[in-house]
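One chain, subunit A, appears in both complexes that follow, with subunit B as partner in the first and subunit C in the second.
Let's turn to the complex of A and B:
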């Protein structure tokens, strides 16, 4: 059965849709926030532009998913600027600080994240909630070159021993956090059996490991083989429990809003649909 | 960790022949979707009037109407209330609010319309096939090869 909009959802379905959208939107938003740190620090001007552009894409995708949460009565203020940091549901991978000056970190992180994102968003093409399924093609179409960018850089970095050592260190550091991308929220069961996302996260994790392990292995890297339960860090993100890096990142991106004493997110023009026909 | 490295990485292709051009100078034309975009060719009454107003709304970056760029997916007018369904070329479009508001105001100006709203949709995905022939001519004149 297709669920066409917020009005078609019972409480359990609505909670499932909201949980899925928060994971998607928060991952994208926080990923983009972190990328901004690299925008003027890449190894070449081309890299700066690529990272800036990828960050812009991810912000666009955060907006795609947050827009749908606005359909449930939320607004930008409660979704971002005044949300309790413990209510964010992104994975810990995307909030971790970069290893200072280590280009291998954003490259490897981008690869792990974008490979995950493709699998999760592809699974949503079959979503029972039509407004989600309708956005999949657009999002996927803008993601392909992110993975191409990460692939190209990983191959280049792994051509010599020093580069490979750096990527390996990033992999050892980030792989456990990448597994939190697949950590369930307390709504996972409802998300799957209502068909909001018909594929369980455990299945997506299996597919993801089947993609990243051989590719990274082919570059001469040693990919952790242990079961996810052994590798997972203490904080999982998806349950609102975050690493110590999250508070400072949150304070940083809400700083201007706080400093200006804002209570709303002012727009230059009225929101379409909310404005009267005042022309 | 292993110092052996991968067995075969292939030759780095760009190092000896000098720089190569960016891969993304070619545009992917995409699939033509029947009945899209909506251009108002068959519209009449207040809906035709809305399309006429929308013809005057240009993309903020290029001298091309939003109608000819193929962003408009539908226009309905019921009881003086116009609903414009539109898409954007890019989810990260920084001119989203600006463009939507321009479209809303233009629709609200049309004869027979008292109020207008804009609904943003993402499916089917916009692609170059959505650009009308008139729009392609505008883009060529502007210097974009389509």
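Let's turn to the complex of A and C:
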């Protein structure tokens, strides 16, 4: 059965659609937010430009999913600018801060994330909720370029001893957080049985590990083999529980919104010049 | 080609890589284009924090794209400069990071908050546009070619800057006050954008003689004021009492009282010695140093111990 729009949904279906869209939109939004830190800080002018392209694509995708949430009466203000930070549903992978100059991190993180995104979005091409299925193609179109970018960089970095050491360090640090991409929300069961996303996250995780483990292994990297339950970090993101990096990021990106909207600038805000932890 | 011939033949887009240009010409052109390229990169440094601090998705996308464009302009300009055979792009980027490279005075001052953003995105970019538009007729063809693309994209930036300005200017009374404060802080720097009067300009004469520069600083400043003083007024901004700027209707000319401007600070900035500018350069140096390992890794990979055993796919 196809669900054509918000009007066709019962409460359980609607909650499932909203939960799925929030995960998708929030992942993209926060991913982009972090990527932009590399603008004018990459290893070459060309990489500054490439990273800006990717960040803008991801912001465009965030809008693609947030637009569908607007169909349920939300607007950008309550979806982003005035939303409680604990109500964001992105995975912890995308909120983690970067170390200055650690180019291995965005490259590897981008690879892990884009591989996940492709699998999840492909699964949504069969979504029972037509507006989601309709947007799959647009979301997938640009991902090919992102994966190519990440592949090329990973290959180049891993040909060098220091480069590979850094990618390995990023992998050890990020892999547990990447597994939170597949952490369920409290609506996972409804998402699957209503056909909003016919493939369960556990299945997507299995496919993802089958892709990333051999590829990274072929670059001479050691990929964690333990079961996800053993590797997962304490904060899972999808349940609203985030790592400490999230609050400061949230305060930074809402800084101007707050400043423009209130009678006086809120106290205890970071100085704008330092707000993004300038190296 | 000797210098006399260059001066005689100079005209819009007259010379290119196929011409054998005298060293003086190539050095002067390099100095000018390198300065421009450096300014694009350092302008991007000033604006980048506002990608994160943008108050809506549209603004965030636009500021990100703008910062990206500026890096792209830097890339184009370094290429145009490289073709003069004086310095490579790497050398110019190294000079920028080491504090030897020079760039526009306004990019030596980081912005405090969103209220200051239109000072760069509208007024400074508007001033830059005035200058750049005249460079479509510069005699070094690769420079003019880069300028075509730059002007096209800058047009969008200024529109976006004006939109930010309009939003703040039509906001609350407090917003308008903050905007006026930002304007008063930036206005003297903006007036100094075009440098001192022609008499004090060090390189203007030669650059004009060989067609690299096509309009004097005074004329550019005046053209800018003609266009932007009314725009400032349109958005409710009041020109501060000092520095005095007087309009002479008879000659349609804005007189800027240069003695009201702090030229000592201007020349300290120009030497990269003003503390805020030195801080911006230091940021560039540190961010570049932090990613040096990546350039080393791709330029001369150390393959010891790297044997992708399972690379059979």
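Here is the rule we go by: the second predicted complex is superposed on the first by the 261 of 279 C-alpha atoms of A that agree within 3 Å, B and C clash if a C-alpha of one lies under 4 Å from a C-alpha of the other, contacts with A are read in each partner's own complex, and residues count from 1 in each chain.
Here is the rule we go by: contacts are C-beta pairs under 8 Å (C-beta built on N, C-alpha and C of every residue); 3 or more make two chains touch, one makes a residue touch a chain.
Note that the structure is predicted; figures quoted are calculated from it, not measured.
S.K.: Could you look at A:170 and tell me whether it touches subunit B, subunit C, both or neither (first, second, both, neither)?
M.R.: neither
S.K.: Just subunit B (first), just subunit C (second), both, or neither: which does A:145 touch?
M.R.: first
S.K.: Considering only the touch criterion stated at the top, classify A:260 as touching first (subunit B), second (subunit C), both, or neither.
M.R.: second
S.K.: Does the superposition put A:61 against subunit B (first), subunit C (second), both, or neither?
M.R.: Only subunit B is touched by A:61; subunit C is not.
S.K.: On the A-aligned overlay, A:134 touches which partner chain: subunit B = first, subunit C = second, or both, or neither?
M.R.: First partner only.
S.K.: Which chain, subunit B or subunit C, ends up touching more residues of subunit A in the combined arrangement?
M.R.: It is C that touches the greater number of subunit A residues.
S.K.: Looking at A:100 after the superposition, I want to know if it touches subunit B, subunit C, both of them or none. Which is it: first, second, both, neither?
M.R.: The second partner, subunit C, only.
S.K.: May I ask you to decide whether A:121 touches subunit B, subunit C, both, or neither, giving the answer as first, second, both or neither?
M.R.: neither
S.K.: Of the partners subunit B and subunit C, which touch A:17 in the superposed model: first, second, both, neither?
M.R.: In the superposed model, A:17 contacts neither subunit B nor subunit C.
S.K.: Could you say whether A:91 touches subunit B, subunit C, both of them, or neither, answering first, second, both or neither?
M.R.: neither
S.K.: Under the contact rule defined above, give the subunit A residues that sit at the interface with subunit B and also at the interface with subunit C.
M.R.: Shared contact residues on subunit A (touching subunit B in one complex, subunit C in the other): 56, 59-60, 63, 156, 158-159, 161, 164, 218-220, 272-273, 275-276, 279.
S.K.: Give every residue of subunit C touching subunit A within the complex, in rising order.
M.R.: 41, 44-45, 48-57, 60-61, 64-65, 67-68, 71-72, 74-75, 78, 110-114, 168, 171, 174-175, 283, 286-287, 289-298, 301-313
S.K.: Which of the residues in subunit B end up touching subunit A in this complex?
M.R.: Within the complex, subunit B contacts subunit A at residues 1-6, 9, 12, 24, 90-94, 96-98, 100-101, 103-105, 108-109, 113-126.
S.K.: Sort out for me which residues of subunit A touch subunit B in the complex.
M.R.: My answer: residues 56-57, 59-61, 63-64, 67, 133-135, 137-139, 141-142, 145, 155-156, 158-159, 161, 164-165, 168, 218-222, 267-273, 275-277, 279.
S.K.: In their shared complex, at which residues does subunit A touch subunit C?
M.R.: Going through subunit A, the ones touching subunit C are 33, 36-37, 39-46, 48-49, 52-53, 55-56, 59-60, 62-63, 66, 76, 80-81, 100-101, 103, 156-164, 166, 214-215, 217-220, 252-253, 255-257, 259-260, 263, 272-273, 275-276, 278-279.
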